[in-house]
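Each of the next two complexes has chain A plus one other chain: chain B in the first, chain C in the second.
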Partner chain A sequence: MSEKNRNHEILEKVSDEPVADGFDLRLYVAGQTPKSLAAISNLKKLCETHLAGRYTIEVIDLLVTPQLAAGDQIVALPTLVRRLPEPLKRVIGDLSNTERVLVGLDIRSKTGSRT
Partner chain B sequence: MAAKRKNTDATASATRLEALRKTPTGIKGLDALTLGGLPTGRPTLLCGAAGCGKTLFAMTFLINGSTEFGEPGVLMSFEERARDLETNVASLGYDVADLVQRKQLVIDHVYIERAEIEESGEYDLEGLFVRLGHAIDSIGAKRVVLDTIEALFSGLDDSAILRAELRRLFAWLKDKGVTAIITGERGDGQLTRYGIEEYVSDCVILLDNRVEEQVTTRRLRVVKYRGSSHGTNEYPFLIDEHGISVLPITSAELGHSVSQEAVPTGVSDLDDMLGIHGFFRGSSILVSGLAGTGKSTFASSFVNAACGRGERCLYFAFEESPDQIVRNMTSVGMNLSQHVERGLLEFQAARPSLYGFEMHLARMNRDIEEFAPQVIVVDPISAFRGPSFEIHSTLVRLADICKSKGITALFTSLSTSGEQMTESERSVSSLMDTWISLKDMEANGERNRVLYLLKSRGMNHSKQLREYQLTNHGIHMVDAYVGPDGVLTGTARIAQEAREREASLSRKQATERRRREVARKRTAVERQIAELRASLETEETEVETLIEQEETRELSIGSERSEMASIRGLRS
Partner chain C sequence: MNRPSEFSSIEHSQLIELQDRLREAEETLDAIRNGEVDALVVGGPSGQQVYTLENADRPYRVLIEQMQEGAVTLSEDGVMLYCNQRFAALVGADRQTLIGESIERFLAGEEIFAFRRLMTLDRGFGRSAELSLLASNGLVVPVNMSIADLEVDEQMPKVLCGVITDLTRSRERSHELAAANLRLAREIDERRRVEDSLQLALDAAEMGHWDLDLLNNTLTRSTRHDQIFGQVNGVKGWGLLTMLSQFVPDDRNAVNEEFLRAESSGSVEFERRIHRLNDGAVRWVQVKGRTFYLNDKAIRISGVVSDVTERRQVEEQLRQSQKMEAIGKLTGGIAHDFNNLLMVIGGSLDMLDQRVAKNEKITRYLTAARHGVERGATLNQQLLAFSRRQDLRAETICIDDLINTFANLLDRAVGEAVTVKIEAAPELWYCRTDAHQLETAILNLAINARDAMPQGGTLTLKTTIRMLDVQAATANGASAGDYVAVSVADTGVGMTPDVIERVFEPFFTTKEVGKGTGLGLSQVYGFARQSGGFVSIESCPGIGTTVSIHLPRATSLEATEVVADTPVEVRGKGIVLVVEDDSDVRAVASSLLEDLGYSVLEAETGSEAMKLMDRGERIDLVFTDVIMPGEMNGIDLVRAMKIKHAGIPVLLTSGYTAQRIAMAEMAEGLQLLRKPYTQVDLSLAVRSVMKDQA
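On to the complex of A and B.
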C-alpha cells in the first residue's frame, strides 16, 4: 500500500501531526452509491459534532483501488475503520444510526467517562 | 419451416453442448463419476460435517487446476489463515507458496471478528465482491473456492442482507464464468447450516465421514448435478499422503474381455489337475482352508512363479507382515525377497481393522492403479469382518476391478471349521472362477492335508481329493488313497497301501490255488471217464460174446430138432 497508489481524497485534516488522542478514520466505499454518499455525509456530521478538531478521515473508493480491500479485511460496504487510537474498530453500514457509530468508535464511553 | 426446425435443433444442441462443459477436478475417481468434472462456469456446493475434508478437497481442486490444467485459482478462506492452509496441504506434497509466487494461486483470508464490528445502518457485501473480483482479475483465475462462506453468518448480524448478498454473489460468480466450489458445514435436516444450498443448485456434492464399529470411512455422494448424469451412489474416498482419491466402483460392469491364456499355478501337480494346466489369466481364484493348511504357501507359490516369469505382483497381506511372509516362505524353498528387490513384487500390509472395507478397497484400487500388476494376492479375505453384504460388495468390486484390468487375482480365505463356509466365503463363492479347497484330515493321531478343486469355470478339472505336502522345495501332491472308509492320508495311507498289497497278494495266491484245484479235478474226472469207458467196453465185448453163444445155441437146437423129426418120421 504505497502512498502513490492511493487514490483517495482527504476530506478533512485538522493537523498533519497526529493529535495525541486523535482519531484516524478510514471510510471504505465502492463508487458513488446512495449508501456511500449517505455514509460520507453521516460521518462528516458525526465527526464535527463529537470529534471536532481531532480527527482525520480518508475515503477509499474500492472500485478504484480494489487491492486495498484485502489489507483492511473489508467485507461489507460501507465500512468505517478506526485505525487510531488502538485497537482497530470497524463500523459497517451507512452510519445512519449515530448512537451505534459512537459506541463502535468508543466515543460514547469516552465522553461518558469525561462527564 | 424445415429451416426453422433445423435452426432450433442447432440451438438445442448448442445449449446441450454448453450444459455438458465440465471442468476436471484432477481428483482421481471424482471426474469419472461426474463424467468429466464440475460444471464449468457454475458454482458447486461441497458440504459435509466438520473433518470431512472439504477444505482439502477444495484445495486439491485449485492446485490441480493450476498444475495440471493451466487454470489459476482463487481461494477465499473464511476460516483458516493462508499460512495454516499452506502447512495443511504441505503434508500432501503441495507447495502452495510456490504457486502463489508464480501467480497461479491467490489465497485471501477473510477474517471477520464480530467483537470489533458495529453495524450501523444499511450495508452490503460489495467489499467481498471487490476483493474476489480483484483476486480473480489479478491472475486470470478460472477456479474459485469459497471455503465456508457461511462463516459470514456468525460474523454479521443481518442475515436478510447476507442471504440477498449471497444470492447475488453466486449469480455474480456465474457471470464471471468461473468454476467455483462453495463449501458448507452440514446442518440439521439440511445440507448446510444456513441453507445456502437454496442458492447453489447446479451441483451439490456431499462428503461424509462415518464411524461404524470404530472404523471410519469417508464417503462422497453427488447429490445433484443439473444438466448431467452422474454416479448416484456413495463412493468411498481416501485422504492420505497421495492426496485425495475417490473410488468410483460400478459392480454392474460385466463387459470385460476374457483371456484364453493359462497362468501356471506355481505348483506343477496342481497344474495337472486343471484342464488347461493353470488358471485362466484374469480369473479370480479362491483358496480356502483351515488354519495351517498352507493357503499363504499356495498364494506365494503362485506369486513366486509369476515373478519368475517377470510378471508384476501385488501382495495384500492382512495378517502377516511382509518380512514374516518372506521369511516363512524360505522354509518351503521360495525366495521372495529377490522378487521384491527386482521390483516385481510389492507387499501392501495393513491390519483389516485399520480402515473400513470401502477404505481398504479404495486403497487397494489405488495401489493396483499405481503398481499395474498382472497378479494380485489378497491374503486373507476372511480378515474382513462385518456384514456379509458389505464384504460381498467390496469383493465383487475388487474382483471386477481385477477382471477389467486382466489381473489374475488369488484370494485366500480362512475357514472356521471343516464343512461350514465362512461368511466371506459364502459371499464370494459365486464370484470365483476357480475354488481350491484345502482340508485337514485328522486320523490316527496325525493331521494331513488334502485339497480338491471345488470348481473351475471353463475347464475340465480333476475331481479327485489329493493329499499334498509342504516340503522344503515347495508343494507336492501325493496320490490319495480313496477307499470305502473315505480318504486315508499319511501313515494311514501307507499302512492301508501295505494292507492292500498283502490282500492282493493273497487274492492272487488263492486264485492260483483254485486254478490248480480245478486242473486237478479235471484230470480226476477225465480219469474216471476213461475208466468208465474202459469198463463199458469190457461189458460190451462180454455182451457180444454172449449173443454169439446164444445164436450158436439156437442154430444147434434147430438142427437137432430136424434131426429128431426125421428120425421120428422114418420110424412111423
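On to the complex of A and C.
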C-alpha cells in the first residue's frame, strides 16, 4: 500500500480505513486532459451527493505513473474503478452521466434484470 | 458435436462473470467510440504508455501560448522547431517565418557564444543566462533565457526547450531603483553634511543641543550639552526632571514653567543658573528651543543651550563701568558748579575781610565762614576723586602721620564687629605720593577686610620698610630700592589662588552684585603703580588676607619742602582780562584782582575776549576759566591766542583738574589755578605768570 501511495495523488480520503460498507474508489486520469479534469470534478460531486461519508477517492495520473495502468487493466482514460466493495467494477468516461455511474457502481440497481 | 455439452459444463457463476466482462468490454468500446475518453494506455517496448488524444493536451498548449514568457523548442544546433506568439512578438517577427530558422539570427556578436555555451551545457535539468536579443526592428531586448533538455522519447533527436523572459521592465525598474538609491544616498550625504556643519557651527558657538521628547519624557543631549552641565561621564537617561535638578533651587520652578509654557507658545527662551556638576560652580545658561507638534499636540521641544556666564559677567562689568562713568560725569558736573559757588563765597569773604571794620565777633564769623569754604572745598575734592577727575598731587608725606590722622575714620568704616589694630612703625618714613589717594587706598583695603569678616575679627594696619634688590624688585615690576609697605591684614575668609589672580582686574569682585564696585583694589593697584610702587597680596582661605601697598621711600629732606611758609598775598600792576561765564564768579575774580592793584577788563565768553584783544586793547594777562559754554572754551581761547596774540600771558582756572590732560599738548608754562582759590592763591599765580612772561 505504501509503495503505491508514493505515486498516488490522494484527492480525498474521508477516513484512513474504509468504512464497513464504504466505497474505495480509484480514478485513473491522463494528466489534465479535459475528460480527466471533468471526471475528477464529476466524481467528487457525485460522491458527495450519494456517498457522503462512505467513500475514499484516489486519483492516479498515469502520465506520471504509466506502469500502474497494468494493475487494474486500464485501457482508456479516464476510468473509475470501484475496488471495494467487491467485486471490482469499472466505469469509463468523464462520469458526466450520473445515472450510468450510479448503476455502474451498484449504488442504484439497474431497472432491468441482469439475465 | 460436444459443444452444447461444453457450454452446459460452464457453471452459472462463471457465466455471469463472463457476461460482466463482456459488458465492460463493450462499454469501453462504446466509451471510446463515443469520445468519452481522451487518453489511451498503450503497450510499448518500454512498458505501458499513455497517449492523449490530439485535442487532449490543449490546456498545455493554451498555457504555453498565453503565457507572458517566450517559449521555443530548439534542435541541438539552435533551429527553432516551435515558438509561441510571445516570442515572435519579442523578436518582432512573424511566427510562421520563425519555424526552421536559427535562433542565433536574433543574437549579436558575443551573445552568440554565450548562447552556444548555454546550449552545450547539457548537465542539469535547466540552465539560464541573461542575453540580449536583437529584434528585427533593431531594438535590443534584454532577456533571461532558460534552457532545458526535452526528453520525450529515446528514439527522438535531441530537442531542447527554452523559456525567454523579457527583462526590459525589470531592468527599467532596477535602473529606477538604482537611481532612487543614488538620490537617496545623495540626500543622506547632503543631510549628513548639513548635520556635520550644524554640529561644527554649534561647536564653534559653544552650544549644546538637546531634544526633549514629551511623549516618553526623555531628553537627548549632545556632548557639548553635557560639558556645559559639567556631566563628565554621565550617559544615563535624562528626563525633564533630571534637567530641572541641574538648575539652582531658586530657579527650578521658573524653568519648569518655561517648559510648560513652551508646549503652548511654541518656543522657549530663558537664562537661568545651574550648579555645574563637576565643580559645583554656579553658571548661567541660556536655553533656546522650539516646540514641535503632531496633530496639534506638542510632542517634542528641541533646541540649544550655551553657557553665558562670561557674557553676563562682561555685560555686568560694562553696566558697572557705564554706571561709574555716568556717576563720574554727574559728580564732576556738580563739583564744577560747586567750585564756582565756593569761589564766589570765598572770594567775597576775602574782600569783606579787607573792607569791614573788624571786631572779635566779626573776625570769628569770617573765620568760621572761611573754614566752611575750606571744608566744602575738601568735600569737593573727594567728589572729584570719586569721579576720577583728580590728578595725583604728589607730595612728600609721612605715612605714620597720615595713618594716625584717619584712625577714627577707619574705626567708623569697618564697624563695631571688627577690632582695628594700628601698629606704629619704629621710625618715621616718608614717601612721595598723593596723601588723599593713599587714604582712599587704605580705606578701600579696610572695607575689603571688613567684608571678609562678616562675623567680626581683627584688622591690623601697619607700616614696615622693605629693601628690595634688583631681583626682588623686578619680580614685582618695580625698581630696586627701599619701599615703605602699608599693610592691611584681616582674619577673614581669605581667597583662593584663582581669585587672587584676578582681584586687581577692574570690576572683578567676589562680593554680591551691588555690594562692591570691583574698583577698590583696582584703585589701590593703579595708585601704587602711579606712585612708582606696587601691591602684594598674601592670603590663605579660612585664615585671612594681607594686602600691602609698597611705596618708594623718600628722604625726609624732601619732606621739608612741603612745609611751606604761610603765603602772603603779592600785589601787582597791569591790565587783566577776566574771562568767565559765571557772572558772580567773574565779579568776585575782578574784585579780588582790583583789590590786588590790577585793572580789570571782563569778557563773558572766549570769543568776546578775542574781540577785545583783536581791537588792540592793552592787556597784560588773560585770566580765563577753562570750562565755558559756547563755541569757545578756555582751551580754545588759548589756541586762538597762540596764533594771533602769542605775547599775552595766560592764567587758567578750573575746578575740573582733569582738564590738564587735554592741556598737555598745549605750550609749556601754562599755569592752572585750582578753584576755589583765595586772594592769596590768586595773587601768587598772577604774579608768577606775569613774572615768567616779563
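Keep in mind that, in the parts below, the second predicted complex is superposed on the first by the 104 of 115 C-alpha atoms of A that agree within 3 Å, B and C clash if a C-alpha of one lies under 4 Å from a C-alpha of the other, contacts with A are read in each partner's own complex, and residues count from 1 in each chain.
Definition applied: contacts are C-beta pairs under 8 Å (C-beta built on N, C-alpha and C of every residue); 3 or more make two chains touch, one makes a residue touch a chain.
Since the model is a prediction, treat every value here as computed from it, not as a measurement.
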| item | value |
| --- | --- |
| Touched partner set for A:I92, first chain B, second chain C, both or neither | both |
| Which of chain B and chain C A:R54 touches, first, second, both or neither | neither |
| Contacts of A:Q32 with chain B and chain C, given as first, second, both or neither | second |
| Touched partner set for A:V75, first chain B, second chain C, both or neither | both |
| Touched partner set for A:K44, first chain B, second chain C, both or neither | neither |
| Partner chain(s) touched by A:P66 [first = chain B, second = chain C, both, neither] | both |
| Footprint overlap on chain A, comparing chain B with chain C | 30, 35, 62-63, 66-67, 69-70, 74-79, 90-94, 104 |
| In the complex with chain B, residue positions of chain A that touch it | 28, 30, 35, 38-39, 42, 62-63, 66-67, 69-70, 73-79, 87-98, 100-101, 103-105 |
| For the chain C and chain A complex, residues of the former touching the latter | 16, 19, 24, 27-28, 31-32, 34, 36-41, 47-50, 52-53, 55-60 |
| Of all residues in chain B, those that touch chain A in their complex | 108, 110-112, 116-128, 130-131, 133-135, 138, 152, 155-156 |
| Partner chain C, residues of chain A touching it in the complex | 29-37, 62-63, 66-67, 69-70, 74-79, 90-94, 104, 114-115 |
